[in-house]
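To start, I am sharing the structure in question, which I have written as structure tokens.
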Amino acid sequence: MVQSLNGSIDMLMAEDEKVIVMGEDVGRDGGVFRVTDNLLNKYGDERVLDTPLNELAIIGMATGMAMYGLKPIAEIQFQDYIFPAFDQIVNNIAKIRYRTGGRFSVPLIIRTPYGGGVRGGLYHSQSGEAYFAHTAGLTVVTPSNPYDARGLLVAASRRNDPVIFLEPKRLYRAGKTEVPDGLFEVEIGKAARLREGDELSIITYGSMVPTVMSTVEKNGLNADVLDLRTILPMDVDAIITTARKTGRVIIVHEAPRTLGVGAEISALIAERAVDSLLAPIIRVTGYDIPYPYSHEEFYLPDEKRIMRAVDRVIKY
Amino acid sequence: MAMVGNLSNEQAITAYRNALRARALDMKIISAQRQGIIGFHVPSQGQEIIQIAISMLSDKEDLIFSYYRDLAMLLQRGVPLSMIYDQLLSNSKDFQKGRQMPDHFSFKEFNFSTVQSPVGAHLPLTVGAAYAMRYSKKKGIVIATFGDGATSTSDFHAALSMASVFNLGVLFICENNGWAISVPTSKQTKADIYKKGAGYGIPGKRVDGNDLIASLAGLQEAFDYVRSGKGAYLVEAVTYRMGPHSTSDDPKKYRVDEITDGSENDPIRRLENLMLRMGVLDSASIQSMRAQAKEEIDRTFEERMSIPPTEPETIFDDVYENPSWIQEEERRDMNAPD
Amino acid sequence: MVQSLNGSIDMLMAEDEKVIVMGEDVGRDGGVFRVTDNLLNKYGDERVLDTPLNELAIIGMATGMAMYGLKPIAEIQFQDYIFPAFDQIVNNIAKIRYRTGGRFSVPLIIRTPYGGGVRGGLYHSQSGEAYFAHTAGLTVVTPSNPYDARGLLVAASRRNDPVIFLEPKRLYRAGKTEVPDGLFEVEIGKAARLREGDELSIITYGSMVPTVMSTVEKNGLNADVLDLRTILPMDVDAIITTARKTGRVIIVHEAPRTLGVGAEISALIAERAVDSLLAPIIRVTGYDIPYPYSHEEFYLPDEKRIMRAVDRVIKY
Amino acid sequence: MAMVGNLSNEQAITAYRNALRARALDMKIISAQRQGIIGFHVPSQGQEIIQIAISMLSDKEDLIFSYYRDLAMLLQRGVPLSMIYDQLLSNSKDFQKGRQMPDHFSFKEFNFSTVQSPVGAHLPLTVGAAYAMRYSKKKGIVIATFGDGATSTSDFHAALSMASVFNLGVLFICENNGWAISVPTSKQTKADIYKKGAGYGIPGKRVDGNDLIASLAGLQEAFDYVRSGKGAYLVEAVTYRMGPHSTSDDPKKYRVDEITDGSENDPIRRLENLMLRMGVLDSASIQSMRAQAKEEIDRTFEERMSIPPTEPETIFDDVYENPSWIQEEERRDMNAPD
């Protein structure tokens, strides 16, 4: 995924000189995960900005750039460190188009790695998508493979609105999906159906997709599997269609359960497809605790926990 | 003929006229607020002169990130009264479609950016705007105004950091009116505000913001510095908040020891006295200018009052360039028959 | 409610000299809503601190106080202005007990007025409870009347953990509930059943409680009405009990729908009481838009919108 | 007999011994990290001497908010090696119960507060702690350490604001090691770090953090100032990051032009040379001290390695003083049979 993202940003910069990359260590170092590798050499330090250590400043400055004609792609080194910029995100970038009656827009992409599984403890592992998905004015996406990474990033860059682009860091170097050369789009707001099945539906996204898919394959589950790809606005049609079809729904994500994205998925189904339900809607998620350094393997949803939920909804 | 320094009589008279207009407008808004016609107001009384000086020295291309208390700046820069009223009344001609509280302006045509309520939150945006201007080889500098309270915010720190590291042309102007609601500047910070740039390598200067001549002279140096490409500059303009913080505020609770009628500190009175002394105006012309200002303010108010409000369902527009299914669904919900 | 809160803080300060009040304008001015009126005169400026204008600084400093023996009650003037402190709240106060293995605690109350209906536009109207309720380590409460305001505040002050205390500003001067003299507790984590009924359940909290109650009364609804009072951790037993009892559930809150607290309530029911459901779970909420200055009366859930939901679940 | 100034030979030797212990420990951790035994490490090599000087001048009652790169400070202050290893290994004797990454210490008994990863986020807490100490009439001051990158954070600004307005006894010490990961200090800020207090009315001073004598002399003035109740003080200690930012970092990408073996800048080498010159130590004693240090480091490591990890279900403890139904339910979920 790192290569796919790096290549995508490179092509977007080549295509449009208004695209600016900025963040901590994105220049010389090429980003601590190498997503912006070599861009400084190629495009120079007017287009690739190593910034001081202040996320509020990064996002705030990028917002001003976006309002006045540039197309910044700002990196927050870990999603855990985005919170110093939370006021700018919630109170400025999400609301500038609205409060100016549409006269200003903020075409800004905020890229940030999220999620655990890298022994990063409390502060290099959080999955904070729900904090953003409650905020109208934002668009929140997360790819689960290199192909979607490029397609969603390109689609985000074609938008005239701010996009929170969440990169599952555990998958940065995983998987070997073929990524076609050149730029292409994956439509924002559309889920991918990864597998067709009749017995149950599993709705997931981002870092949990490989775990879900391997569980489904290993256990030969007859499951409809959705990868949301966009978290705000969610693909309600895909969600309701699969819920109606199977009547048994499991939601899997890494973020804590309480008010996690799974709550919204569940609520949408309870509002729109309650008659089709043949079993409780089960959420298999990270626990409602800070992300622990030791024993994170117990924190992360795994095959065992997913299968327990599968058994429950199938036997129900 | 120049009144003082480079200031011509005409310029001085225009400045004075706009100060009177701003004062009259401010009083009109307060009375409309009392009558429930305008929802809220942050008076600019006592701060008109520094605001006018800023507009006098700024070019059309300069981009201004003003704050919620900058009425006189708008008028001097040529924003039509009608446009200001449309926002205050949040009627259907308001460019912002009635989305914001009164005084939260955005006049793109006049290169005013957008005012928000969270104190200081516009400041980091100014450095991005300055970056965009330089990158796109556009003429002009960026000017930001804000209160003394705003200098405590994280946004202020972020903005000065970035402006300095990337050597950006932002002129930061603090309108130090002595108060952040009930907190006096002496409790807001122990340092002189104009020295707050030192920790970033940004020079600063204090000016008497209640005095037009002093304001222009002091600001000129700052404008020159920024225009010459040397980087950012921080001006502290000492002013005086003559009234309450806002129409929701009761300063009697905290301003007990002070003479609050403000006459001593009224910057318009000061300009008036100077012009009388210099013979640029006489009391008859002052009377007539006052009357004229009031007439314009009243007449335009009546005119704009008759403009209908926005349609309720417009509240669903402009969340995104294209609404998502969520806004569309909610719009239908709002329009559903009883 | 203002008087009840003011009296409560006064008594808590009288009782324990470790209680410190701090925030913008809380001293001389007595708070912009007068909740801390007269405390400066009574307790002096070592215990009532008018602070500089920086919410991060207020919360951060209060956290340090709480870790080292004091019991601060910090005010954020409007909940809309809490976001500059979001990093401190999510990354420090919610995680300090956890990350130190329980060796430090943060007995801190953050009071803040929230919600609309006061013509405050985008930035004096937000209902941000969901941003906090997704964060393990925090406790989130909101009273709907002066009695609960006192009881919850006292209960919060007895805790050894941080509490986000959300005050529905629209109700500051509404209602005339009798508040007994002296200090008493309302248990955190327990909902109030405001009314017994069999035909449907309405679950709500905070500023929407009076709207719901007047709708129920005016329309003679046979409704079970829950006032959650605590948002994190929610009273799951009360929620499931009422859902099982009536099978028809409406959730009413002022915050936007997507990932609002209603999503969690709905998901809890879809997980635990799906068989009892006789109708879709309907959320009647603020819209997913920034809070508009004009036409806020359309933004806020009202009798009409609640009754539409009632009709839907009853006729279903 | 004093080696230099007030520094006795014994003190100097102790300092040197702790520097050697810190260095040996650091190397041990790095090799344990390479073997997958310890998860991660932020080396303190090159910054030992300023850290030791801070511990030498601080009293037992002083409260220290250190950051993630302060190993030598802990050792000099007397934190047992075993306790440090327990945290690094996140074993079941770790007071923090294995909750944090290595180097994120909290040693309450030694008046060390708690280290977090978000850069700067401890700084606003220091002013609250200082307030609590003053309010409760406790002896001691608060000491905060942090990197050069941290001075850009909003937390730094917030902390200095509050410390100054409430006149709190916090000694802020920036360990300027020249880098924030790959960003050199010259790109972090255009101002001298020790002057960053000026905007708050907080005095500052730069010291050579690689030199024990200079560090002690410079710090003494700062400690005296803060202890006397005059308020906060900002020290910039110029140090040198000899190695990578962390075990995850590869400095070859950005440190190409530089001599990175650090021998010129190695503060321990400098102290060693001084002591040799002054005749306080000879090379034989140095050899034996090194061997001793290494022996202790190795032996204690073996000892602590055998301590078992925490029980998995402890991850549900300490979210609250009393877990809510949510943690209890999730604990049951984790323990459910397959």
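So that you can tell them apart, the chains are marked A, B, C and D in the order they are listed, and the count of residues begins at 1 in each.
One rule holds in what follows: contacts are C-beta pairs under 8 Å (C-beta built on N, C-alpha and C of every residue); 3 or more make two chains touch, one makes a residue touch a chain.
Remember, it's a predicted structure, so these values are computed and weren't measured experimentally.
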item	value
Remotest chain, chain A as reference, centres from CA atoms	B
Comparison of A-D and C-D (more C-beta pairs in contact)	C-D
Whole-Å gap separating chain A and chain B, where each centre is the average of the chain's CA atoms	40
Averaged-CA centre spacing for the pair chain D and chain A, given as whole angstrom	35
Length of the line joining the C-alpha centres of chain B and chain D, rounded to whole Å	46
Chain B residues counted as touching two or more neighbouring chains	97, 99-100, 104, 116, 118, 152, 154-155, 157-158, 161, 165, 187-189, 319, 326-327
Residues of chain A whose C-beta touches two or more other chains	51-52, 54, 56-57, 80, 83-84, 87, 91, 95, 98-99, 122-123, 136-137, 233, 258, 287-290
Interface residues, chain B side, partner chain C - complex	39-40, 90, 97-101, 104, 116-120, 149-150, 152-155, 180-183, 187-189, 248-249, 253-254, 309-310, 312, 315-316, 319, 326-327, 330, 333-334, 336, 338
Partner chain D, residues of chain C touching it in the complex	20, 46, 49, 51-52, 54, 56-57, 59-70, 72, 84, 87-88, 91-92, 95-105, 136-137, 139, 159-161, 189, 232-233, 236
In the complex with chain C, residue positions of chain A that touch it	56, 80, 83-84, 86-87, 90-91, 94-95, 98-99, 122-123, 130-131, 133-134, 136-137, 232-233, 255-256, 258-264, 266-267, 269-272, 274, 277, 279-283, 287-290
Parts of chain C lying in touch with chain B, wherever the complex brings them together	24-25, 27-30, 32, 50-54, 56-57, 80-81, 83-84, 119-124, 257-258, 287-290, 292-295, 298-299, 304-305, 308
Residues of chain B defined as touching chain A within the complex	63, 94-97, 99-100, 104, 106, 108, 113-114, 116, 118, 121, 123-133, 135-136, 154-155, 157-159, 161-162, 165-166, 317-321, 324-327
